[in-house]
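Next, two complexes with chain A in common: one pairs it with chain B, the other with chain C.
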Partner chain A sequence: MRKSWWKILGLCLIGGSIIAGLLGPVPRLPILNETIRNVYFHVPMWFAMFTLYLISVIYSIRYLNSNDIKNDFIAVEAVNTGIIFCFLGLLTGMQWANITWGEPWPNDPKTNGSAIATLMYLAYLVLRNALEEEQKRAKISAIYNIFAFPVMIVLMYILPKLTDSLHPGSGGNSTFGDIDMDNQMRPIFYSAVVGWILIGVWIASLRYRLRLIENTRNQID
Partner chain B sequence: MILEWRSKYAINGILLYVVSTVFVCYQAFKSVDTLVWNALFWIILLFASINAINRSFIQESSYRQLYYYTIASPKAVILSKIIYNTFVMVLLSAIAFSVYSLIFSNPIGDPTLYLTAVLLGSISFATVFTMVSGISSKTGNNSTIMAILSFPVIIPLLIVLIKLSQNAINGLERTVSSGEILVLLAINVITVTISLLLFPYLWRD
Partner chain C sequence: MKKYSALLLMVLCNLSLFAQSGVEMATDLRSSGKIYVVALVLLTIFIGIGIYLIALDRRIKKLEKETKK
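Up next, the complex of A and B:
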């Protein structure tokens, strides 16, 4: 019980943010209208994905230093879970874009960048499948993971800031928090972010433990 | 042990490849507007560079790699590979550019800036592809993995490069493009440092 407080906290935060996000008051803004509620769901997906990828890189570095296969398991499961969150983020973003920007896939640098980053991490999984030997697979995929992470940052955070983007916070647009969010929205938004990050870490840790069990079983046979 | 100035015949092959690709494109398109001109040039250069650098690790037998392993540190090996590939890429892109602008008519407004873009582009192709080909050479079935791994990594670079060279074609003010040049340089520095840090792990087995 003492160890699982953060899981309960995550569930409570997400539950609270879903209820408050769907029922609570929001400012009425032109174009956005009620779709501003999506900020509680779309943005936290990316925060969770980013946290998971960061965890994955940290454990890849630790793998290279220690050669402990457990670190590699954590890294790959963090990427697996991160990709799920990335797809969820893309889906919610497409719904939102369909209403506010008029089409599900506007030619926007941030949208394209995140799609390419997804491709990159899918390539990471393909690379893992291409290698048979366990040690070698862990080592090479860890190297690629570390190599891919800064490129992901450039794609999703630096390039959209340089060019014109429909997303807030890039290409001279002001950030979302400056103009559109009022003080009632802020606590709900932050609790949603923290909640989804915690849930993401929880899913990844569950998958990691499953993989660990599978691994020990295979060794005994 | 800083340069491996062998396998010149491979370079000749790649040069021929570039020239013939340009010619095929010319036969297919005849005349193009500036946007397509720019995109086509970078696509030709992209494929030529993948072909050129893909070989940098495979063509060496494992015995020779063992010999390098005994004689030099991994950092020296990757640095020499990067430098060598950069030279090859600069040569390659210079020739590609001259043939390309000879066969197609040349619409560039600011040639110096465009040449800077080509130079930076070839350097960054070399740095990224050297590391990726190092990774893919360890996986056995090579060229597919190479393409899968390298395309997503190279796309952001390519976006910036195409933007920069489009600015050069349109002859915009130099100050407009300084941001892109900085981003390219920063990406190059990051790639080289990461390669230097990671390659020793790759090299060991």
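Up next, the complex of A and C:
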């Protein structure tokens, strides 16, 4: 139990954000109405995905430095978990957009960018499966991962800010720092973000530990 | 657990009140457009997922110990 305090913290933070997110006060805005509460649930998916991909690229670099296969395991399981959060983010975003923007996929640059980024990371997983030899697979996919990460950042965070986007923070829309995120929402939003990041890391660590067990069993057999 | 049994008790109390008077009372889980019910449902789902994760963690820990031997 002494090492798992952060798991409980993550559960409590999300639990708190569910209660406070549904019951707490929110600014009354046109079009958005009550769906502004989706900020507590849709946006943390992307933060969790981003953190997991960041962990993955860090361990890919560490793999190339050390040639320790454990680093490669962490990298792939972080992407495996990150892609779940990515799909959850896309799905919740489409449900939200359908009501507030009028269609589920309004060809928004951020939406399209995240779709391409998703395909890139799916390609990472396919690439891994295509390579038989363990060392080669780890090395090639680590290099691919290091290239994919900055492209993902550009597609999802930089390009949408340069053009007109329906998402906050671009094309004259306010970002979290300005109008639409008022100070009552901020603590709930940040606790949800931290909570979902912790849960994401927890799931990734579970997958990593399973993979380690599989690996040692395969070596024994 | 105490919280839950208290909540459950409240729900049951409300149900019995409803049955007796036939008038919908805006108390506890029935107030504010019944949004508390939604909060309760979401929280229940999430607690379920949390317990599931903890159980998985324990099983993997057990496996780790077995493979170390």
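In this section, the second predicted complex is superposed on the first by the 219 of 221 C-alpha atoms of A that agree within 3 Å, B and C clash if a C-alpha of one lies under 4 Å from a C-alpha of the other, contacts with A are read in each partner's own complex, and residues count from 1 in each chain.
Everything that follows uses one rule, which is that contacts are C-beta pairs under 8 Å (C-beta built on N, C-alpha and C of every residue); 3 or more make two chains touch, one makes a residue touch a chain.
Since the structure is predicted, the reported quantities are computational estimates derived from the model, not experimental observations.
**Q** Do chain B and chain C fit side by side on chain A after the overlay, or clash?
**A** Overlaying the two structures gives chain B and chain C room side by side.
**Q** Which partner does A:Leu64 reach: the first (chain B), the second (chain C), both, or neither?
**A** It touches chain B, and chain C stays clear.
**Q** With both complexes overlaid on chain A, does A:Ile14 touch chain B (first), chain C (second), both or neither?
**A** Touch partner of A:Ile14: chain C, not chain B.
**Q** Return the chain, chain B or chain C, that is in touch with more residues of chain A.
**A** Larger number of chain A residues touched: B.
**Q** Please work out whether A:Asn218 is in contact with chain B alone, chain C alone, both, or neither, and reply first, second, both or neither.
**A** After superposition on chain A, A:Asn218 lies in contact with neither partner.
**Q** State whether A:Arg209 touches chain B only (first), chain C only (second), both chains, or neither.
**A** A:Arg209 contacts chain C only, not chain B.
**Q** Between chain B (first) and chain C (second), which, if any, makes contact with A:Val154: first, second, both or neither?
**A** First partner only, chain B.
**Q** Classify the contacts of A:Ile143 with the two partner chains as first (chain B alone), second (chain C alone), both, or neither.
**A** So A:Ile143 only meets chain B here.
**Q** After the fit on chain A, how big is the angle at chain A between chain B and chain C, using C-alpha centres and going to the nearest 10 degrees?
**A** 160
**Q** Just to be sure I read the superposition right, which of the two partners does A:Leu119 touch: chain B = first, chain C = second, or both, or neither?
**A** Only chain B; A:Leu119 stays clear of chain C.
**Q** According to the stated criteria, A:Leu22 is in contact with first (chain B), second (chain C), both, or neither; which is it?
**A** second
**Q** Does the superposition put A:Asn129 against chain B (first), chain C (second), both, or neither?
**A** neither
**Q** Please state the minimum Cα-Cα separation between chain B and chain C in the superposed model, rounded to the nearest whole Å.
**A** Once the two complexes are overlaid, chain B and chain C approach no closer than 33 Å between C-alpha atoms.
**Q** Please write out, lowest number first, the residues of chain A touched by both chain B and chain C across the two complexes.
**A** Overlap of chain B and chain C footprints on chain A: empty.
**Q** Which residues of chain C touch chain A in their complex?
**A** Contacts found on chain C: 32, 35-36, 38-39, 42-43, 46-47, 50, 53-54, 56-57, 60, 63-64, 67.
**Q** With touch defined as at the start, can you tell me which chain B residues reach chain A in the complex?
**A** Those residues of chain B that touch chain A are 131-132, 135, 138-141, 145, 148-149, 151-153, 155-156, 159-160, 163, 179-180, 183, 187, 190, 194-195, 198, 201-202, 205.
**Q** Of all residues in chain A, which touch chain B in the complex?
**A** Where chain A meets chain B, its residues are 64, 109, 113, 116-117, 119-120, 123, 126-127, 130-131, 136, 139-140, 142-144, 146-148, 150-151, 154-155, 158-159, 162-163.
**Q** Can you tell me which positions in chain A touch chain C when the two form their complex?
**A** That would be residues 4, 7, 11, 14-15, 18-19, 22-23, 199, 202-203, 206, 209-210, 212-213, 216-217 of chain A.
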